[in-house]
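In what follows, subunit A forms one complex with subunit B and a second complex with subunit C.
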Partner chain A sequence: MDLSLATFAGAALCIGLGAVGSALGEGLTAGRAAEAIARQPQAAPVILRTMLVGQAVAESASIFALVVALLLLFGPDSGPLLRGVALFSAGLCMGAGAFGPGYGSGLPSAAACTAVGRNPARAPRINTTMLVSQAVAQTPSIFALLVAFLLMFRSQPPEFSLAGAAALLGAAIAAGVSATGPGIGAGFAGAAACDGTARRPDRAPLILRTMLVGQAVSQSTSVYGLVVALVLLYVV
Partner chain B sequence: MDITGADLVRAAALLGAGIAMGFGAIGPGIGEGFAAGKACEGIARAPEHANLLTRTMLVGQAVSESTGIYALVVALLLIFVV
Partner chain C sequence: MAAEDIYWSSLIPGLKQLEHWFVNPSNGEPALHVSNAILVVLIILTLAFIARSKIKDRIERDEDLIPEAGLTVRNVMELMVSGILKVMEDSMGHVAPRFLYLVGALAFFILFSNLSGLVPGFAPPTDNLNTTLACALVVFVAYNLYGFKEHGLAYLKHFMGPFWWLAWLMIPIEIISHLARPMSLSLRLFGNIMGDHKVGAIFFMLVPLAVPVFTLVLGLFVSFVQTFVFMLLTMVYLSGAIEHAEH
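Let's turn to the complex of A and B:
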């Protein structure tokens, strides 16, 4: 049957939801960079570099959403009904999964712009903390991308079953929506670590270690979401 | 295609498992991030208390994690028991 309705709706949800978080995070970063430059105009090139690097990482979650949306738009247009449910679910999964990591990786880069403005000599150290924390904040979006790809490229049985459709949608919600909290939470931790690194550069390794331990614990719920999604896809 | 009541219950349980785990993960993730952020702030201000701060952070995060684990338990019950 014709799957255009499922793929178009999935692509729209995917990029529609997926663009929000990154845009918020990058806007916050740009605002903080402007504030920092207003306070310290001679440090403008260093602040600008931190801003652009941070925004590039925050953008990656919405780039994943764009890739999935384009794959859905130019993907298969006919197949069994269950395949349509899987394609729609893939869009929902990646769209919901890009919000938290996008916004969450914007928080450390915003804090890093302020921190670099306050202490431009420590920019390399602050940038390292920012990039490490952003990488951790991005992981839930990679889980969502993984589940979206599994949903898109796995063949579905020809006969429709309500339980099969519910399992596909449930897997998408489990992996996609569960990315929101850990993404934003890891961003909070990263923002505080960038701020602390600027205040006490001598304690940067200790701060980075605490940040990573805290972020690892806050990531655990996104791993639960991935596990439930994989169980719904492969065990049920 | 005819849908029986049992099919409906099974489908609702599977969709419910996804919803339980997906939305249940939001709170703990954000809450634990707050705790980690405040611990980093505290260590920047008072590095000599790093061990105490890390311990407090981990205890607080463990409590905040509990609702995420409830969500996981409910999701697994819905998948395997219902």
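Let's turn to the complex of A and C:
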């Protein structure tokens, strides 16, 4: 049957939801960069570089949403009904999953702009902390991308069943919505670590290690979401 | 989209056959990422041999190296290698030269692969998950091996968290977060480059004049930033594996 309804609605939902978080995070970064430059005009080039790199990484989450949306738009347009449900779920999953990580990876880059403004000489260290924490904050959106790909590329049985459709939608909600908290949470940790690195650059490795351990604990909740999504997809 | 897409890789004898040996079984598409990865490696090797041939004689005769004037292959390669080494020293400290071969090779391959996507007629190898997963698995195996080499079996203590009485909770969390590393490394690079390549293709399809230049500029930026992120995470994982806990 024609799956246009599922793919179009899924693509719209995906990029519509997925663009919100990254845009918020990038705007926050730009604002903090402007503030930092106003305080330290002579450090403007360094601050600007941190801002651009940080924004580019924060953009990743919405680029993932864009990828899924484009694959839905230019992908299969006919198949069994359950495949339509799977395609729509893929869009929902990636859209919901991009919000938290997009916003969360904007928090460290915002803090890093302030930090670089405060301590421009330590910009490389601060940028390292920022990029690592952003990468961790993005991991939940990568789990959502993984589940979205599994939903999109697995073949579905030809006959429709309500339980099958519920499992597909459930997997999307589990992986997508559970990415919100860990993404923003890892962003908090990263922002504080960037600030700490500017204050005590000599302790940067210790700060980075503490941040990574703490982020790993807060990430575990998104792993629960991923596990439930995989159980719904493969076991139930 | 054209009926038959033409790629530079298909002009080189042998590579076209290779694409058809590794056909994707699910949709019958030729394995462009394999042939294009070989092409990218050939380009890097050519540049490296040109750069090396310029300095080889002088190094063998133990003479001083004199920089060339202007924009030459040797200058560009020297700039890149010294840039990579500087970034590594900034985040790894004195152990950086030990890992230059691994991180530098990854940086060269990923950067050239990413950039090749901006040139018409190339399919960037890094917009295929197989290529990026291969790179990420190399990193995963390497940092764990270096960890064991540095600490012996005591490396396993890294997985137990800060306190011994928390180990029961930290071990599963750490194992999952370590397994997530190659996954997130590979999917991040793949998703970004593929997204960029697709956005570029769609803009070229919609408005073939002037407008796609902006997507190319964005693509240039993303290519560099994603190479940098991959490099940096590799370095953080490596130095995390070999570092000694502070007391």
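FYI, the second predicted complex is superposed on the first by the 236 of 236 C-alpha atoms of A that agree within 3 Å, B and C clash if a C-alpha of one lies under 4 Å from a C-alpha of the other, contacts with A are read in each partner's own complex, and residues count from 1 in each chain.
Going forward, a contact is a pair of C-beta atoms (placed from the backbone, for glycine too) under 8 Å apart; a residue touches a chain by one contact, two chains touch by 3 or more.
Here the structure is a predicted model, which is why all the values come from computation and not from measurement.
Within the superposed three-chain model, A:L146 lies in touch with subunit C and out of touch with subunit B [touch as defined at top]. In the superposition on chain A, contact of A:T221 is made with subunit B only, not with subunit C. Touch criterion not met for A:A110: it reaches neither subunit B nor subunit C. Contact with neither subunit B nor subunit C is seen for A:L233 once the two complexes are overlaid on the shared chain. Greater residue coverage of subunit A by touch, when subunit B is weighed against subunit C, goes to B. When the two complexes are overlaid on their common chain A, residue A:C14 makes contact with neither subunit B nor subunit C.
Once the two complexes are laid over each other on the shared chain, residue contacts for A:D195 go to subunit B alone; subunit C is not touched. By the touch criterion defined above, A:V213 lies against subunit B and subunit C together after alignment on the C-alpha atoms of chain A.
Residues 206, 213, 217, 219-220 of subunit A lie in contact with subunit B in one complex and with subunit C in the other. Within the complex, the subunit C residues that touch subunit A are 87, 90-91, 161-162, 170, 173-174, 176-177, 180, 183-184, 187-188, 191-192, 194-196, 198-199, 202, 221-222, 225, 228-229, 232-233, 236, 239-240, 243, 246.
Touching subunit A in their complex are the following residues of subunit B: 1, 3, 7-8, 10-19, 21-41, 43-45, 47, 50, 53-54, 57-58, 61-62, 65, 68-69, 71-72, 75-76, 79.
Here subunit A touches subunit B in the complex through residues 96, 100, 104, 160-163, 165-167, 169-193, 195-197, 199-200, 203, 206-207, 210-211, 213-215, 217-222, 224-225, 227-229, 231-232, 235-236, going by the rule given at the top. Interface residues of subunit A facing subunit C in the complex, by the touch rule stated above, are 52-53, 56-57, 60, 63-64, 66-67, 70, 124-125, 128, 131-132, 135, 138-139, 142-143, 145-146, 205-206, 208-209, 212-213, 216-217, 219-220, 223.
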